[in-house]
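In the two assemblies presented below, chain A is common to both, partnered first by chain B and then by chain C.
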Partner chain A sequence: MKLKLYFLLIILALGAKIHAQNADNQHYHDLAQQHDDHSGHSHEGHNHDGHDHSGHDHAAPAATSEPNVAPAAHSEQEAHGEFDAKETAFHHISDLNVYSIGPWNFPLPCILYAPDQGWSFFSSSKFGIDDHHHGSGHYAYDRYVLNMGRVMRVTDPTFPMGKVEIGGFGSEEKEMNGKKKSVDLVSFQGRMLPLDKASTADGGLFDGGITSFYDFSISKNVLAMLLVMALLAWVFFSMARHYKKAPGTAPVGAQKLFEPIILFLQDEVAKPFIGPKYTQYMPLLLSLFFFVLGLNLFGQIPFLGGANVTGNLAVTMVLAVLVFIVVNLKGNRHYWQHILWMPGVPAGVKTIITPIEILGIFIKPVTLMLRLFANITAGHIVIIIFISLIFIFGKSGENVGAASGAAVGSILLTLFMMTIELLVAFIQAYVFTLLTASYIGAATEEHHDHGHEDAHH
Partner chain B sequence: MGGSIAAIGMGIAAIGAGIGVGTIGGKALEAIARQPEAVGDIRANMILTAALVEGAALLAIMFSYLVA
Partner chain C sequence: MDSMILLAMDFSPIKPTFGLLFWTSLIFILFWVIVGKLAFKPIIQALNDRAGSIQESLDAAKTAREEMKNMKSENERIMAEAREEKMRIIREAKESANILIAEAREKAKEEAQRIVTNAKNDIENAKKAALVDVKNQVGAMAVDIAEKVIRQNLRDDSSQQDYIKRLVDDLNTN
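Right after this comes the complex of A and B.
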């Protein structure tokens, strides 16, 4: 059973990565049609809608030089202008194609695919990352550019392939379908060309979404996941070796730390919630717990990039989908009976209860997904906002006195929040495991004590 | 304007979750004071219930974020 645990751990961790990309794919398939429509409009450049950026794509150069900030002016403004706390926070919690620690940017491998130009494999150092800014590239490579650490694609088909120098980045507000949207722009040979958003699997919640290219890169989050996976595999395999070599002896080394945790999960989570058949679910529960806990804690190590992996909707979605599959595959006759045709309830009430119960099947994993995501993301955002207070009070360096005063307060607040977040890391990993166990328990429970006829075999 | 209405929605969701989690925590403390030997069971069920209450608030917050 122990050996199974370690295998499952690795499969789960690998699966999280692969499935995140698969989820990406599925999103693409679902929305391919919709997107095709959209991009079709913008590439053909017919003026079907005055607000679409189609005009921007193909119109004469005169039209493209509309009141946009010049690239130089824009970067100037970025460096010394109003400090945007919201944008900073979102930048720090999003997945990036470059790993930034302090002022250094470490390039990561980019694996990109666009249907109309095929696969591109290259290191993000090809973008010529700027060490002073937030990882924006000086070069475009195969029509891909690195804007604030995220790979975006130039939609203009006349843009040259290969390595091309670019001027800088900007953005403008566009009115599309009655909603204001910010379109990122890149300066190239004096023209401002629109960029496609970064490719993300979280439904575009944090300024990405379903775009014209697929990003399979070893991004910051994937690298963090691989590191945590390697660490967990190393710890658990070495522990397993010792258990095999000297069974029944006192725990040594890492065993002293992990044995009580595993016993706690077995005795306080699995046994009471799942019942006598708990052993077959222990690998799943322990893998979920240590994977989530490891990533929660890894994201909180200061000055190590703060990879927000469990605060990424795609990752928590994969974990929730795994739980959804296990619960519904293992769900017994009583589970489905109580959902589809609740026994012991009048027929009229059944017609109301059944739709609610069917919705409940999906709401359970959705809340599982959102809870972990929202708690971890909220923690990261709060810490970033506290740090941002320094720059807000100091007006981006104009007022040194206020900045120093705010620094003292914000460091104390940040330390306090990080202590709370340490607690949250454990609680959320525990809650995820606990709820998984309770959902499995509810689906596999034998109803011998309810008293209605069909509950008895 | 849409953003500020969504913010009010987030606030209302937070109030609801606050009342819910506060009641759960208070009742759990009362129960622990009455039966200190059952602290393990009470704590596990408290966290489970609090997580379920929180789930409703999180759904509300996510929807208000998406609408904003």
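Right after this comes the complex of A and C.
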């Protein structure tokens, strides 16, 4: 696990360096423009190697210094410049409003809310998504545009409603409140207009925050969640039906697979950590385990888009908040007594312990949230980076020999990583469940030896 | 400075969108409530019931084995007792047979003794009767002789002597 986290840090640092170098440049990566002078450089990255993580190419933000990107015919995109592994990785682990499998981008329903515009419901196909690309749209719809697979909103109030053809996308660095901030731009009628990303609940901590609209779309992650949960629900309902129909018989079919897991979670996780009251928490623990495991595994299935669901902070945050609520609602007198006024400890020490214990209430779910997020995201990034080695060594198609050499090494490395990720999928689901059980156990434990302890002090 | 540049990158998974928060909560809570109640609870119930019934069966088998073992030892005990009883009966029969034989022998001896005694008594009685008879006859004879002697005496002395002699001879020959 550690190794992977280091990897993530290194990638982040590398990304930061590249970013710093480009910080002064405004850079644009246009959708449609034909660059005659560079037409010979149509890069090999367009040819998809079939792996979902590298299923579509990632031209770096083109290093052209052209300030304007004129709208042009929607022809095959021509990009030039170096391949940016960081951006590739970040694009792939993002939650998107299109579902990309290989070179195809499948549209998803958009449910958007802007306070000054109301609700908008439409399919992301309205954006005219270009296959063989990141999933950027050729059209704006009700001031919304699709940039790199994500819905953004034109903040300019003069921008027309309805379906409007747009040019390419770009980005620029802006100084805002003494902070450098990257702002996405869309080219429309020769002007570059700033775009707003969807509001996020990070409180500005990670450069997000409340913007001009909210995105409640059935995104890639939501669709993956719906699919996996529907599949699991079907499996468990049919299992339950069989148990009712033929009680006390030997397991058949899916029961053979899931029964040992359920029994393991019951006997090795719930019983030892929660104690005799474990039965009422079994549905929660099993739901958590199978939700996390199912989505961890789903994200690793090749050719299915590699949805990074459990590697999204929103998902792990919801799970952690639910665990937090359950633990603190079910916490008994002893639990709160231990937090607020630890028995059997001198009063001076209590004043130190109490704030720490109160912090601990929040730290526990936060670690749950971050552990799962970091592990799964790091796993996805590592695999994408290994695949990207082909393009890095191949100089985006210029050096086929180096690319072939790198492909061999990359496949071996990726196979190795995917095997580890398979293990990680189970370990993280198990760890999440185990820690949840231990937190619930600690909150609901009955202490019988208190009188005895108090007598000493 | 570095941290600011890090934050400037679009590392979107760390920025939880409201949509994903909403949908995750909805989907997970629905899964938890519906699948938890309608599938996980009955599955766990069924698994625990089955575990219970398996345990019961094992216990029952163990008890049955124990009982079998007890029954076997009981049978063996009964057999041993029967064997002992048989031996005892045989021994007693032998003893009683011996006693009977001894008794019979004793009785026979006694009977024989008694017969012998009776015979002796009879012999004695017969002897006595014979003696009495002899005495009577001898008396009669003596009387007879005496009568004859007396009669003879009356005629001749020598002739008397001869006569007595003849009488005694007669007596001897008889």
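In the analysis below, the second predicted complex is superposed on the first by the 358 of 457 C-alpha atoms of A that agree within 3 Å, B and C clash if a C-alpha of one lies under 4 Å from a C-alpha of the other, contacts with A are read in each partner's own complex, and residues count from 1 in each chain.
One rule holds in what follows: a contact is a pair of C-beta atoms (placed from the backbone, for glycine too) under 8 Å apart; a residue touches a chain by one contact, two chains touch by 3 or more.
Because the structure is predicted, anything quoted here is derived from the model rather than measured.
Peer 1: On the A-aligned overlay, A:Q266 touches which partner chain: chain B = first, chain C = second, or both, or neither?
Peer 2: second
Peer 1: Regarding the shared-chain residue A:S136, is it in contact with chain B (first), chain C (second), both, or neither?
Peer 2: neither
Peer 1: Look at A:S287 in the shared chain and tell me whether it touches chain B only, chain C only, both, or neither; answer first, second, both or neither.
Peer 2: second
Peer 1: Considering only the touch criterion stated at the top, classify A:V318 as touching first (chain B), second (chain C), both, or neither.
Peer 2: second
Peer 1: Should A:T200 be classified as contacting the first partner (chain B), the second (chain C), both, or neither?
Peer 2: A:T200 contacts chain C only, not chain B.
Peer 1: First (chain B), second (chain C), both or neither: which does A:T436 touch?
Peer 2: In the superposition, A:T436 touches no partner, neither chain B nor chain C.
Peer 1: Tell me which partner touches more residues of chain A in the superposed arrangement, chain B or chain C.
Peer 2: C
Peer 1: What residues on chain A touch chain B, complex-wise?
Peer 2: 205, 268-269, 272, 363, 366-367, 370-371, 374, 427, 430-431, 434-435, 438
Peer 1: Using the touch definition from the top, list the residues of chain A that touch chain C in their complex.
Peer 2: Touching chain C from chain A are residues 12-13, 15-16, 19-20, 23, 86, 90, 93-95, 111, 150, 173, 179-182, 198-202, 206-208, 214-219, 221-222, 225-226, 229, 232-233, 236-237, 239-240, 243-244, 247-248, 259, 262-263, 266, 279, 282-284, 286-287, 291, 308, 311-315, 317-319, 322, 373, 377.
Peer 1: Show which residues of chain B lie in contact with chain A when the two form their complex.
Peer 2: Checking each residue of chain B against chain A gives 40-41, 44, 47-48, 51-52, 54-56, 58-59, 61-62, 65-66.
Peer 1: Spell out the part of chain C that touches chain A in their complex, as residue ranges.
Peer 2: Residues in contact with chain A: 2, 4-25, 27-32, 34-44, 46-47, 49-50, 53.
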